[in-house]
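One structure, as structure tokens, below. Some questions next.
Letters A, B, C and D mark the chains as written, and numbering starts fresh at 1 in each.
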Amino acid sequence: MEFGSVLNALILGLSIASIWLIAALGLTIIYGAAGVINMAHGALIMLGAYSAYMLQHYVGVPYLLCIPASFVIVAVVGLILERGLIQYLYNRPLDTLLATYGVALVLVQGVRLIFGSDPKYLAVPEIFSSSFMIGSVSISTFRVIVLAVTALLVFGIWVLFYKTRFGVQVRAVMQNKEMAASFGINASRVYMLTFALGAGLAGVAGSLFGVLNIVLPTMGDSYVVQAFLMVVVGGGSLAGTIIASFASGELQSMFAFFTNDTFARFLIFVLIVVFLRFKPQGLFAKAGVRR
Amino acid sequence: MEFSRRKLLKTSLAASAAIGMPHLWIPGSSEAWGATLKKGEPLKVGVLFSLTGALAVPEEDSTLVLQYAFDEINKAGGVGGVPVEPIIVDAKSDFSVYSEKTKELMLREKVIALFACYTSASRKAILPTVMQRDHLLYYPTCYEGAECTQNAICTGPLANQHSKDLIPYMVENFGKKVFFVGSNYVWPKESNKNAKIWLEKAGGELLGEEYIPLGSSEFGPVLNKIRDAKPNFIFSTVVGASDIAFHKQFKQEGFKVDQMPIASLTTGEIETRAMGPEFGAGHFLSAPYFQSLDNPTNQKFVEGFLKSKYGKNGVTHYNMEETYLSAYVFKAGFEKAAAAVGFENVTPRAIRDHSAGVRIGDDISPEGEVWIDENNFNTWLKPKIGQCQGDGTFKVVKSADAQVAPDPFSIYPDLGVCTKDGLKAPDGKIRKSVI
Amino acid sequence: MAGLLEIHHLCKSFDTIKVIDDFSLEVVEGTLCCLVGPNGAGKTTTMDLITGRIKPTSGKLVFAGEDITGQDEHVIARAGIGRKFQVPAVLRDLTVRQNLTVAFSRQTNPFFNLLRFNVPGLKDKLDEIATLAGLTHRLDERAGILSHGETQWLEIGMVLMQSPRLMLMDEPIAGMTEGEIEKTARIFKELRKSTTLIVVEHDMGFVREIADVVTVMHMGSLLAQGTIQQIESDPRVRDVYLGEQEAA
Amino acid sequence: MGNLYYNKTAQWIAYAAFFAALAIIPMRIDDDFLLNQLATYGVYGLLALSISLCWGFGGILNLGQGIAFGLGAYGMAMTMQMQSQTVENPIPPIMLNNGLDYLPYLWWPFQNTASGLIFALGIPTLFCAVFGRIMFKARVSGAFFAIMTLAMLSAFYTIILDQQAYTGGVNGITPPSPLRLGSFEIDPYSSVGYWVVFFALLIATVVAKLITQSSFGLVTQAIRDDAERVRFLGYSVSGYETVIYSISGFIAAIAGCLWVMLVQYVSPAQLDVGFSISMVIWAAIGGRMSLIGSIIGAFVIQGGQSYLGDAFLSTWLLFLGGFFILVVRFLPNGLASLVEAGLGLIATKSKTATSHEPNGAKPFPAE
């Protein structure tokens, strides 16, 4: 076994981690702030990819501008979703899970009706479909872009949540909704914006995944369970999700390096179940609610 | 422990008597199909592919091309003098729907034959029902073989035909060292077993073999392993959306198509279109058919189909052509059976039995002459090698000199040889319905 | 005679904050012990520790001669400790009858209960408790619609259905009317004859009426213990208690 | 007189009527396909029943019921496959095709039909017991548990797909001939298959109904309401949760066996996330708090899928998704709550002067 190969695998693990993380970011925010299990997250990722495709294909927007545009479009969808449905279900967590699954069904089928079920592709500048070498390590440009966007978003979220007034409000609502309301914080508005933000992040993820692989109505399905596990292992906090994604990405890459991809996946699932057996509240749990 | 209808009838009656319910109808083998044909009435055939869901991408094309083929056949006078009425059903990409709809088509619609399935998994899901009713399935796709039923006719290449020319061609032109990548299921594994045989004969060297979970889109780990192994070319049996991700990431990770091309059994015109031609260009595909085949029959087929109301997707590819052929194989088999036993007495099984050796000449078959094997009811055909061009079409770089024989048990000689009555083991015993 | 419940040097910290600090207590069988103290003194936390809801950082809990330290809630409940919560906790989606039936937990083995439809002794006990709690006419109502006082009574009723050897009552009379409070006092005095109680209460009038022993907690530790007269004349208690109340 | 919906006798009469209707069908209808189809719906009914028991009564939302169903189905398929192997030909084709020339230990119990069936039902139940025990003991509940079942389902799906030599991979197992029990052969395309499913559904429903009315059922409903409180009454919440989760898994395993008996086929698609969630959708639309409502939910949705699906074709999923959203939003207890409300209306109209308060909220017993 060469050192270069292991190094390659480690760097790849970082890239896989960034993919897992960007898929899970929106979920973390929605789950962390509002306690909503959003099963439509995969469908929102898919919508992000289709938004980018639509803009590029019909309007001719350059790819790099499609990324923020996807954020806006999917955030608006999220906003409508929250106002139209989710806001009535906040005290019924299991029902939000089911209702959002229904939303996913509708979104996937709706996209299929409009765009057909054949795969689409996002054209990107030639430079994105190349790679460069650092020493003996080969690095794909687009993977670096995904990593960079992920880092940027994480930083943005951190600023938003810890350095702005809105962030204080969100954290206040997370701690205690009633108490926050008595300080004049409009919890309903906070939830609405958080949900839209989470949805928008899914949109960004989608516009990136459309380049890594393929734009299909069902493309988001495979990300949902995985992203949820990151959130659950992380205990619903941003830092938790980051660490969970990082660990899983590296483990996945190393397991795949030493065994094969299928077995690597299986191992990750089993490890997560075992981990939660001993830390059911996840990595960074909020203190349990007391009666 | 043979399956016995008589015993079945007795025990079922006994069982129902025990429960006390009088109503029961169990078919004997002669009436398994449960219907008779009448001259003058259209022939009902079932067309069962997914029009919605994940499998719709390839299977919708199959449905369209079959409709086109039956229109063409009906315009030319039908089958045995009567028109064909295809009953089109959506299998919704759900294996239990395949199973349910197969029963509906056979038991309720009483179709005389079934054109169905793209994936092996869905074929496996419906075969028990087809065999039990002694019915007939036309399976128009490449597959792994290792089946010997008395109820199926396949018009696609078997694993032993598929890579026969491809591997030697690649070794000759690019070098001896190869890396195998496939989706993690039966067909790629079986195909790779065959490929290894050809590789050994061609004096090549296998550097590694990796399988990716179906539907997975993360090829980073595999590409890293390939990078370390430094093969001369990659032999790929990755299917579906994964295949597209594979080709994209191949380029994104800095692999160069002229230094290490992918020789694939799957990446055809639709896949290339879906990934964007810049990711497909330069790679190789082995298939019996390409849209760009230069012969009058194919020109007529491509033009006719694309202009017809079924040609909305704007492409013809190998799987569609194989499906198109299956309609003509059905026509020829039916007419032979009708001539032998009389129109009214034709049963699905009779069609199958009389399809042995049926030939589709190059006046009908866009890929050139093919015929049905008299023993295993797969197709003799000429695999061709195409290289993808910058516009997404394929240029044929090599075509087999003669039709290659299909052999579903080529890599399992110990199990026996598939004959028309069943799998004949080396000790002479014959087993029916081996799936 | 050893106490029914003995608490030895109990400590509980959340992160770095010591909520219970070297707290010891002995409750003698057949007495009614009132646990009083200002807000944040650790009364409810003590209840939680006794009933296993939270596990102590150190210290030991002995009930009826058995070490119950660190046991799960249901094990402690089965040993004979029943509890009424500060915020009344009844099963709001079930009827009053079902609430009381569930609380009649003589048999807790799931397999034994799987196909059991008649529970011997249930009917008499249920009638008795329903009458005592004044809920006879509400038996088939959903518990979620009961008034606050009725909910308190239902939960007390549930504890009684368990027939525990030790009952923990966290603020049983909160939200009750004068009449209801008198009735509660009457019943507690009656109960004292056959069982042991620990009552957490703020209402000193009520405490005065029912308590055999009064324990005062402050900052997670035992401040004083004795009869109501002793406690009321203890200057330390006056300081802590009255000071606290004035500040609030 | 109160709302008939809560009347136990009325409930039993409704159950009897439902099963009487199911029993009349094969006597009246001579359509092999319809019988086979209805039998398949019956299997789905069993699954909906198992979800209703676990979720409606135990409060445990299980998005991974496909594990129990799938393991049961694989067990049955292996049993049926081994029935068609002979002394001269003892090894199933899937192994030979994957280079195994011996029968792996995993398959040994299925060489004998009786032990095969015991394992087919026992392994999924044991899995539920162990997994449930681990999770519930760690007090994983609610949405977290739901996600964990999803993760477990994905893990099983992946490993079954991967272990091709033992499981047939994505192609699954296709036993070539129907199930034989002793000298009986159960033809799936006859009323025999229908009756087997009918009686399984009947027995499972009656037992489930009895369980919900027993002391055990009451405790599980109390746990659903407030698990925390129930602990202080002396009940081991994790014990009860494990038992009801395992019973539910056992019923799903039966459904898996029957399904393979009917279709002679199993593949990892039976452990697909979508299929497990559709079980929950049946129960949710029918009414998760009502066993029979859930069963009817399965019949209606699957019937709609088969018969409306082709007419609407691609709009069906859109329609189903929308309908599901509406039910969750406005009828959390499913269509059964319409019946409840309807009967409540009748009861109010014909109300004899009982001591009930005006607008008195309804009690919330078993159903």
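FYI, a contact is a pair of C-beta atoms (placed from the backbone, for glycine too) under 8 Å apart; a residue touches a chain by one contact, two chains touch by 3 or more.
This one's a predicted model, so the numbers in the text were calculated from it and none came from an experiment.
Distance from per-chain Cα centroids to the pooled protein Cα centroid is smallest for D. Of all chains, the one whose Cα centroid sits at the greatest distance from that of subunit B is C.
Here the two chains linked by the largest count of contacting C-beta pairs are B-D.
Centre-to-centre separation of subunit B and subunit D, using mean CA positions: 35 Å. One inter-chain figure worth recording: subunit C and subunit D are separated by 42 Å, centre to centre, where each centre is the mean of the chain's CA atoms.
Each chain gets one centre point, the mean of its Cα atoms, and the points for subunit A and subunit B are 39 Å apart.
For the pair subunit B and subunit C, the distance between mean C-alpha positions equals 74 Å. Among the residues of subunit D, those in touch with two or more other chains are 158, 161-162, 228, 314, 317.
Contacts with at least two other chains are made by residues 85, 89 of subunit C. Listed for subunit A are residues 112, 262, 265, 291, each touching two or more other chains.
Touching subunit D in their complex are the following residues of subunit B: 1, 3, 7-8, 11-12, 14-16, 19, 21-26, 51-52, 89-90, 92, 94-96, 99-100, 103-104, 107-108, 119-121, 124-125, 127-129, 131-133, 144, 146, 184-186, 189-190, 213-214, 412, 415, 425, 427, 429, 431, 433-435. Across the interface of their complex, subunit A is touched by residues 61, 134-135, 138-140, 142-144, 146-148, 150-152, 154-155, 158-159, 161-162, 228, 273, 277, 280-281, 284, 314-315, 317-318, 320-322, 324-325, 328-329, 332 of subunit D.
Subunit A makes touch with subunit D in their complex at residues 37, 85, 88-89, 92-95, 97-99, 101-106, 108-110, 112-113, 221, 225, 228-229, 232, 262-263, 265-266, 269-270, 272-273, 276-278, 280, 291. Residues of subunit D touching subunit C in their complex: 210-211, 213-216, 218-219, 221-222, 224-226, 228-237, 239-240, 243, 355, 360-365. Against subunit A, in their complex, subunit B makes its touches with residues 52-54, 56-57, 60, 184, 210-213, 215-218, 220-222, 224-225, 227-228, 241, 244-245, 248-249, 251-254, 270, 274-276, 278-279, 313.
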